[in-house]
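Shared between the two complexes below is subunit A, which has subunit B as its partner in the first and subunit C in the second.
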Partner chain A sequence: MNSLTKSSLRYLFKHPWQFGLSVLGIAMGVAIVVSIDIANFSSSRAFNLSLDAVAGKATHQIIGNSDGIPDSFYRSLRIDNGIKNIAPVIESYVSIPDSGRRVFKLLGVDLFAERPFRDYLSETGSSIDGVFKDLFTKPNSIILSEDNLKKLNRTIGDSILVQINGKEKFLVISGFIKEDENNRSALENLFITDIASAQQLTEKKDHIDYIDVIIKNESEEKMLVDLLPDGFVLQQSGLRSQTAEQMLDAFNINLTSLSLLALIVGLFLIYNTMTFSVIQRRVLIGTLRSIGVTSGEISGLILKEALIIGILGTIAGFAAAYFISKFLLTIVSQTINDLYYVVSVREIYISPAIIIKGIALGVIATLLSALKPAKEASGVHPRSAMIRSEQESSLLKKIPRMTFAGMLFIIAGAVTLIIPSKNVWLSYFGILPVIIGFALLTPVVIILVEKIFSPLYKKLFGITGKMSSRSILQNISRTYISIAALALAVAATVGVGTMVSSFRSTVIDWLETRLNADVFISAPSLISRRNDAVLNEDILDKIKAIDEVRDFNFYREVELLQEGKRYHLLASGLSKRSYSGFKFKEGDPDEAWKRFEDGEIFLSEPFAYRYDLNVGSMLTLKTDNGMRDFKVAGIYYDYASDQGLITIQYEHFKKFWNAKGFSGISVFVKDENSIGTVKDKIQSLETGGQQLIVRTYKFLRDSSVEIFDRTFLIAKVLQILSVIVAFIGILSSLMSLQLERKRELGILRANGLLPSQLFLMVNLQTLLMGFTAGLIALPLGNILAAILIYIINKRSFGWTMQFDILPGILAEAMILALVAAVLAGIYPGYKMSRTSPVNALREE
Partner chain B sequence: MKKYLKTSDNKKFGYQFTIFRTSLSSDKNSGTSEWSSNQIYMAHFTVTDISNDKFYFDERFSRDGNELAGAQVNSFKVWLEDWEIIETQNRTAFDLPVINVRAKTDKAEINFILESLKPVVLQGEKGLSQKGSQRGNASYYYSYTNLKTDGKIIIEGKEFKVSGNSWMDREWSTSALSEDQKGWDWFALQLDDTTELMYYQMRRNDGSPDDFSKGIIVNKDGSLEQIKKDEVNLIITDNWNSPAGVKYPAGWNLRIPSKNIDLKINPAVSDQLLDVSIKYWEGSVNIEGIRNGLNISGRGYVEMTGY
Partner chain C sequence: MVELKKVSKQFSEGNTKHIVLNNFDLKIEKGEIIILLGKSGSGKSTLLNIISGIDIPDEGSVTIGGTDITKLSEKDRTLVRRNSIGFIFQFFNLIPTLTVKENLQLPLELTNSGNQEERINNIFSEVGLSDRANTYPDKLSGGEQQRIAIARALIHNPDIILADEPTGNLDYDTGLQIVDLLDRVVKQKGKTMIMVTHSKDVMGLADKVYSLREGRLTETKKDSVIE
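Let's turn to the complex of A and B:
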C-alpha cells in the first residue's frame, strides 16, 4: 500500500461519520432497488414453479370449452384413438379456514395416467396398497408433502375442513410425500387427489379441466389437433405461465418504476456523497498536488475511495435487501392474490440479473458519480485548489450556464415524454432529464431565495440570521447538491402520493357510479377482485321471489384462453337502470346500448388500450363453438382490472358459451329501508351448501377501496423508504457541510459568538435550505405525479385518471423538507457549539 | 392366453395377453364421480417373434372408472383401454363365445379370432385349485386348452397373416402364495397329438417343489387325467441370466413315468422376460420328446415367477 492510499484511508477513518453515512446512503439505494427486484422476481418465480410443478413434463395441454372437457372426450382419445401420453387434470384451489385461510392448489389426477408426467407421483403410483389404495377408493382423500402435514399439524387419517368454490368440504389425509430438492417447490402448496375426488369436490359433473399431453413431434401434434372438436385448443404448456406472466407485466413495471424513482434518488445521493468527499478535501488535494502528486494519481485516489465506499455500500445494501424484500414480498403477494391469481410466496429467489443490477448500481454508479469530482479535483491548479473561495466563485460564474442547461434538460425530457408510444421504459427515460434539469436549476433558486430571505432573516435574527442565510450562498458548491437531493427526495414522495390519491379518487368516483345497486351477492372467491367461484343458477330465482326486490343484475365471468392470451369476458344480465353506471370513453351511449342489446360487445378502457381496439373494431373470441368475431359497440371507463374486460349481454353469451352459473348478482330494493331485510332474506336462502357473500352497497364500496389501498400499500412503503434514503443522504451532506465549517465557526466563536448563537445560526441555515428544497420539490413533485398519471399509468394500464392536487400532500412535503433539514442541523449545531474555539481552530 | 402361431410361410410367433383385475377394497367406492372406482386393471401383452429371435412386451394400468377398463358378461367384453377381448359373433363353441382378441403397442399388434376346439377344463377339484396349505391360497381356475386361432400380427409395421392354437386360462383368487412359497414354474404345453398338458410346480423358499404342485392332461377327446406332484420328475437342463443378473431356468426335462411321458422343453427365444412392475419370465417354448414310445413334438408356454 503506498502512502497515498494510506492517506486516503486515514482520511476515511478520521471521518467515520461521513464515511459511514456515505456507505449507508449507497447501501439504502442498493437495498431498495434490489429488494423490489427480489420481491418481483420471487413472486413470479413462485407462481411459475407452482405452474411447472403442476404441468410436470407435459409439453402441451388440451383446453376445452368454458365448462371444461367432457370425460367422454378423454376416453375417446385414449380408447378410440389409442393416444397414450395424455393425462386428465382437474385443478382448483382450497382454503383452510382454521389455518389462517392458507390456500392450497388441489390437483386432481388419474395416477394410472400420471407416470410419464409428474415425477413426484411415481413413488405413490407404483404401489397399489397403503396410501394409494385410500387415495383411490376413499372419496376426498388427499396426499400432501410431509412438510405441509407438519405445518397443518395433522397426521395420516385426519380430516381437514376446507372451503372450495364457496362450499365447505372435508378432505381426508391418506398419505404424504417426502420432499427432496427436486420436488420441494412443486409440493409446497399442493394437495394431490384422485381425479374422481376432484371432480366430486369441484362439482364438475362429467367434466375435467384440461388434458396434459406429451407430444414428441409435429405429426403427433397435427394428428391430435385434427381430433379436437370446435372450441378446443391444443396449447403449449409454457403458454400457461406466459399468460400468467403477461398478467403481472404491468404490475411489475409499476413496481419497478417506483424502485427506479428510489434509484434516481439513490444515485443522486451517491453523487452528492462523492462530490462532498472531494470538495471537502480540496485543500488537502491542493497540498498533495503542490508536493508533486500528479493529477492522475489524485483522480486514481478518489476513484479508489469511491470503489471502497461502493463495495461496502453494496454489500451492506444486499444484506439489508434480504430483510426488506421479505417484508415487501408479503405485500406484493397479497396484492397479487387480490388482483391476479393465487400464489403463496415463501422462498426468496435471487437471479444473477438482480445481483448484477445491484452491483452495477452500488459500485459502478458510485464510481461514475465520482468521476466528475475526481476530474475536477485533479484538474485544478494546486494553488487555487487550496483557496476555498475559488471554487465558490467558479460555481457562481457557472450559474447562468447551469440554469440554461437545466431548461434544456427539462425541455428534452418533455419532448421524450410526449413522443406517442406505448413504451413505458421510454417514459422513464424521459423522467431523468426532467430531474437533472431541476437539479441544475437549484443554484438559481438558491440565489432567489437568499435574496428574499436574507433581509427577513436579518430583521428577525439580526446578524446571526444574516450570516446563516448568506453562508448558503457562500458555500453554494456544497449546499446546492444537498438541496437538490433533498428536493428530489421530497418531490418523489409528492409525485407518488399525488398519483396514488388521484387514482384513488378516480376509482372511488367510478365505484360510486358503477355500484348502483343496493345488495350484491357472490360466492366466496380466493381472488378478491375477481369472482372465480360460481353461484348456482337457481339462486337467482329464489332472490327474484323475495318481495322487497325491485330489480336485479347478474353476470357470469369466464376466462378465455386463446392464442396465448387470457381474456376476461363478462356476460352481463343488466337491468336498464344500471346503464347509467357505465361512462363511455368512446361511442354514443344510446347507440352503444342499442348495439350491445343486439349482441355487440363493450370493452373496458384498459382492454381497448392494450389491444388497440376502437368502437367498430372486430374482436375474435374463442367461443364454445369455435372462433367468432364480435363487433365493439363501446369503450367504457373501468378500473376493476388492469387486464381489461370484455362485456357481452348475457342472452348473447348463452348462444356461444355453455358456462353455467353466475359469478355475481346485484339487487335493487323497492324501499331503501328494506336493504337489511333483503340482505337477511338472501343470507337465509336454502342454497344446498353454497355459501353466499352478501354485501350492501356501502360495504362493497368500502371493501373495494380497502383492496385499492392494499394494492398501493407497496407504493406507500416505497415512498417511506425513499424518504429514509433521502433523509440519510441529507443528514450526511448537511452534517459534513457543517462539520467542515469547523474552522470558520471556530473563528466566529473566537470572535465572541455564543454557543447558543452558533447553534441557532446552523439551524437557521439548514431550515432555509430545507425550505428551498421544498420550494423546488413542489412543482417537481407535481410534474412527476402528472408524468406518472398521464404517461406511465396510461401506458402501463391504459387508465384515464383525473389529476387531484391535494393541499395536504403539498403541505406534508414542505414539512418533510423542513423537518429533515432541521434534524440534520441539530447534531452539527450542537457539536460545534460545544467545541472549544481552540480545538476548532487547531490545524491538523 | 398363451399361444403358438405360425404363418403360411412358416414364420413362427408366440403371444401372451393377460388382463388382471384387482379390487382394492371390498366396499364399493361411495364416490359419485364417473371416475370413482375401487377396481384396478392391469394388462400384459407380449409377442415373441421366434423366427427373428425377438420379444416384445408391454404393460398397462387403468381404473374401471370413466369406462377406461372393465368387464361385462352380456355381450362378453373385457377391456383395458384399446386392449380387449370381445365377443364377436352370436356363436359359442363349448360354452365359450367366439372371441376377438386385440392389443397393440408402438411395435407389435395382434388381432385374432379364437374359437374353442375342446370343452372347458375345470382345474383342481371341480375348478378349485389349491396352491398352498393356508386358507385362501387357492384359486378358482378353469382353462380352454385349445382354441383355433386366426388373424394377424403386425410387427414394426409389417403385417403377417397367422393361424395356430391358443390356450386360455381364467383364475380368480384372494392370494396365490403362502409364506413358505416363493414362486411357481407353470407349463402349458400343446402336443402334436392334440393332447395338452398343464403342470405347475409351486416352489418353496428353499427352491424345492411344494406338495401343492399339480397338473392335468387333456386328451384328444377332451377327457382328463390328473397329475400329482409325486408322479412328476422335473429337471432343469439349462439356465439363462437376465440383464440384471438373475438366473432363470432355460431348459427342462419333464418326465411323467406313470403316463409314459418324457419331454425336453426349451425356450423358443431365451430372453422372454417381462421387465414390468412385477418381473417374470413367460414365453414360448419348443417341445421334443417321447410319449408312449413314440417321438412327439409340440409347443407351449412356460411362466416362471419368484426368481
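Let's turn to the complex of A and C:
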C-alpha cells in the first residue's frame, strides 16, 4: 500500500465517529431501499408462486362469464369434442379462525384430468398417501403438504373449521403430499380438494371458475376459440399474474420512491461527509499538492475513500435489510391484502436485480455524490489552502452566485414537474433540482438568521451567545452543509406528513358524504377494501321486510378480465337518497343521473385518468353476452380503489351479466333511534349459515379510516427511517464541526471560559443551526407536499386531493429540527467542555 | 538552472488592481542560494509559487532546467515540482496521518525512486531522528518537525529547494540548528535554493540576497542586511 493511500485510510480511522456515521448513513439508505425491494419482490413472488402452483403446466385458460363456466360446457369439450388436455378448476380462499386467521388457497380439481397439469398431483404411489379414494368419496376432503399438516398440528382424518365466503365449514384431511425441492413453494399455502367438493364448499352449483388448457399449436388454439360461446375467452395463463402486477405498479413505485428519499438523504450525508473531510484537510491537501501530488491523484484519493465508505455501507446495508425487510414485509403484505388481493407471504425472496440495484445505489451513488467534493479537493490551491480565513471568505463571495443558481435549480425543477406526462419517475426526477435549489439557498438564509439572532443571542446569553451565533457564519463552509442536510430530512417528513394528512382528510370528507346510509351489511371478506364474498339475494328481501327499514341500497361487484386488463365493475341498486353522496368531477349531476338510469355508466376519477376517458367517451366491456360498448355519463370522485371503478345501474347490469348475489347492502332506517334494533334484527336473520358483517355508519367510517392509516403506516415507517438517516448526518457533521474547533475552544478555555459555558456555547450554536434548518424545511416541506399531492399522487393514481397546511405538522417539524440539532450537539459539547485547554492548543 | 524573464503578476481586490511582481528578470545558477527579503504582502510567496509552478505569471516566462513551465499544463507543472523541487514550509506541514518514516517515503513513492530504505537511512543519518522513525509528527517538537520537513524536501534528490521562512516558527537556538542543517545538506551538496526569510542568521548561507519592493527585485548586499 502506498503512503498516500495509507495516509488516507489513517485519516478515516483517526476520525472513527465521522467514518462510522458515514458508513451507517449509507447502510441505512441502502437497507431501506433494499428492504422495500425485498418486501415488494417477496410479496409479488409469493403471489406468482401461488398462481404458478395453481396454473401448473397450463398454457391457457378458458375464462367464462361473471358466474363462471357451467359444468356442461366442460363436459361437452371433453366428451363431445374429444379435447383431452383440459382440466376444470375452482379457486377460492379459506381462512382458519383457530390458526391466527391463516389464509390458504383452496384448489378444486378433477384428479382424472390432472395428470398433464400439476406434477405434485400426478405423482402417485409413495408421494400421495393413498388418499385419492377418500377425496372422491368423502365430501369436503382435502389434501395438503406434509409441512402444513405439521404446522396446523393435525393428522390424517382430522377436521379443520374454516371460513369460506363468509360461511363456516369443516374440511376433512384425507392425506398429505410429501414436499420436495420442486413442489415446496407450490404447496406452501395450498389445500387441494376434488372439484365436486369445491363446488359444494364455494356454493358454485354446476359451475367451475375456469378451465386449464394445454395448447400445442395455433390450429388447436383456433379450434378451441371457435368452440367458445359469447362472453367466453381463451387467455394465456401468464396474463393473470401480469394483471395482478399491474395493479401494484403505482403502489410499488411510490414505495420505492419513498425509500429512495431515504437514500437521497443518505447521499446528501456522503456528500456532506466527503466535502467536510476535504475542507478539514485543505492544509494537508495543499501540502501534498505543493510537494508534487497531482490534482488527479488527490481526487482519486477522495474517491477511494468514498468507495471504501460505499462498500462498507452497502455490506452493512444488506445485512440490515434482511431484518428490516421481515418487518416491512408484514406491513406491505397487509396493505396488499387490504387493497388488492389475497397473498400470504412467509419467505423472503431476493433477486439478482435487487442485489445489483443495492450495490449500484450504495457504491456507485456514493461515488457520484463524492465527485464534487473530489473535484473540490483536486482544485485546492496548494498555498492558499493553508489559510483558513480564505476558505470562508471564498464561500461568502460565492453566496450571490449560489443563491442565483439555487433559484435556477428550483425553476428547472418546476419546469420538469409541469411537463404534462403520466410518468411518475419524471415527477420524482423533478423533485431533485428543487431539493438542490433549496440547499443552495441555505447560506443566504444562514446570513439572514445570523443578522437577526446575533443581537438577540448577545442580549440573552452575553458574549457566549454572540460567539455561538457568529461562529455559524464564520464556519459557513461547514455549517451550511449540515444545515441543508437536516433541512432536507425535516422537509421530507413535512412533505410526507402533510400529504398523508391531506389525503386522510380528503378521504374522511368523502366517506362522510358517500356513506349516507345507517347500517351496512356484507359477507366477511379477505380483502378489506373490496367485498370478494357474496351475499345471497334472498337476504335483501328479508332485510326489506324489517319494519324499521325505510330504504336500502345494494351493489354487486364483479371483476372483468379483458385484453390483459382487470376492471372492477360495480352494479349499484341505489336509492335516490344516496345520489347526493356522489360528487362529480365531470358531467352535470342531474343530467348524469338521468343518463345513468338509462344504462350509461359512471367512472371513478382514477379509472377515467388511467384510461384517458371523459364524459361522452365509449368504454367496451366484456359482458356475459360478448363485448359491449357503454357510454360514460359522469366521472365521480372516489377514493375506494386506486385501480378505479366502473359503476352501472343494477337493472342494466343484469341485462348483460349473470352474476348472482350482492356484494353489499346498506339500509336507511325510519328512525335514528332504531339503528341498534335494525342491526340486531339483521344479525338474527336466518341466512342458511351465511355469516353477515353488520356495521353502523360510524363503525364503517372508523374502520375505513383504520385501513387508510394502515396503508400509510409504511410511509410513516419510511419517514421515521429517513429522519434517523438525517439525524446520523447531522450528528456526524456537527461532531466534526465542533471537534475541529478544538483549538478555538481551547483558546476560550485558556481565557477563562468555564466548561459549562463552553457546553452552553456549543449547544446554543447547534440550536440555532436546527432553527435555521427548520426555517428552510417548512417551505420546502410544503412544496414537497404540494408536489406529492398535485403531481405524484395525481400521476400515480389519478386522485384529486385537497391540500391542507397543518400547523401541527409544521410545529412538529420545527421541534424535530431543534431536537435533532440539540441532541447532536450534546456529545461534542460535552467532549469539548471536558477537553483540557493544554491539549486542545497543543494538538494544532 | 532557474530563469525568470519579464515576469509580471497582479491581483485584483474589488476594482483595485494590486501589482505584486512587475516585469522583472531573475537568473539563478545551479548550486546558488538566493535569499528573498521583503515586507509582508510584498510578493515573496507569490514568487515562490511562480517558481514552483503552483501559480503562473500574467506575463513572462519561467524556465527550469531548460523548460518554460508557464507553457506546461497544470499536471505537467505538478510533475516538474514533484521531480525537481523540494518544499520547506514555515509551519512544517508534515502529513499528520503518516509516521516520520512514511513522510520521508512519500516523495520517493511519488517519484518512483529505487532504494527507498537506503535513502531513508542516509537522510536520517544527516538530519538525525532515526529513533523517531515510527513516531507521528504531532509527537515531535517544532525543531524536530522542521528537520524532518527538510529531509522530506531533499530525499528524492531534487535540483531546487524552495524554503518559505523555514525558521520563522522556531525559537532562536532551534532556528540556528536548522540553519546549520541547511548549510550541511543543501549548500554543501550544491543544491539550488531560493529562500524567503527575515532571519539574519540565515544570511550566511546566501550567495545573493534580493529585496522585493513594489513588485521589483533589487539585489541587496549581504553584509548590509547582516549589520
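We take it that the second predicted complex is superposed on the first by the 835 of 844 C-alpha atoms of A that agree within 3 Å, B and C clash if a C-alpha of one lies under 4 Å from a C-alpha of the other, contacts with A are read in each partner's own complex, and residues count from 1 in each chain.
As a working rule, a residue touches a chain if its C-beta (ideal position, glycine included) is under 8 Å from a C-beta of that chain, and two chains touch if they have at least 3 such contacts.
These numbers were taken from a predicted model, which means no experiment stands behind them.
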Partner chain(s) touched by A:Asp110 [first = subunit B, second = subunit C, both, neither]: first
Touching partner for A:Gly296 - first (subunit B), second (subunit C), both, neither: second
Touching partner for A:Leu284 - first (subunit B), second (subunit C), both, neither: second
Touched partner set for A:Leu540, first subunit B, second subunit C, both or neither: neither
First (subunit B), second (subunit C), both or neither touched by A:Ile79: first
Subunit B versus subunit C as contact partner of A:Ala196, first or second or both or neither: first
Touching both subunit C and subunit B, counted on subunit A across the two superposed complexes: none
In the complex with subunit C, residue positions of subunit A that touch it: 2-4, 6-8, 10-11, 14, 283-284, 286-296, 381-383, 386, 843
Contact footprint of subunit A on subunit B as seen in their complex: 22, 24-25, 27, 29-38, 40, 61-63, 65-68, 79, 81-82, 104, 277
Subunit C residues touching subunit A - in the complex, by the definition given at the top: 45, 49, 52, 54-55, 74-75, 78-79, 81-83, 85-87, 89, 91, 93-98, 102-103, 105-107, 109-111, 138, 152-153
Subunit A to subunit B touching residues, read off their complex: 71, 74-75, 78-80, 82, 110, 112, 126, 128, 133, 136-139, 194-197, 199-200, 206
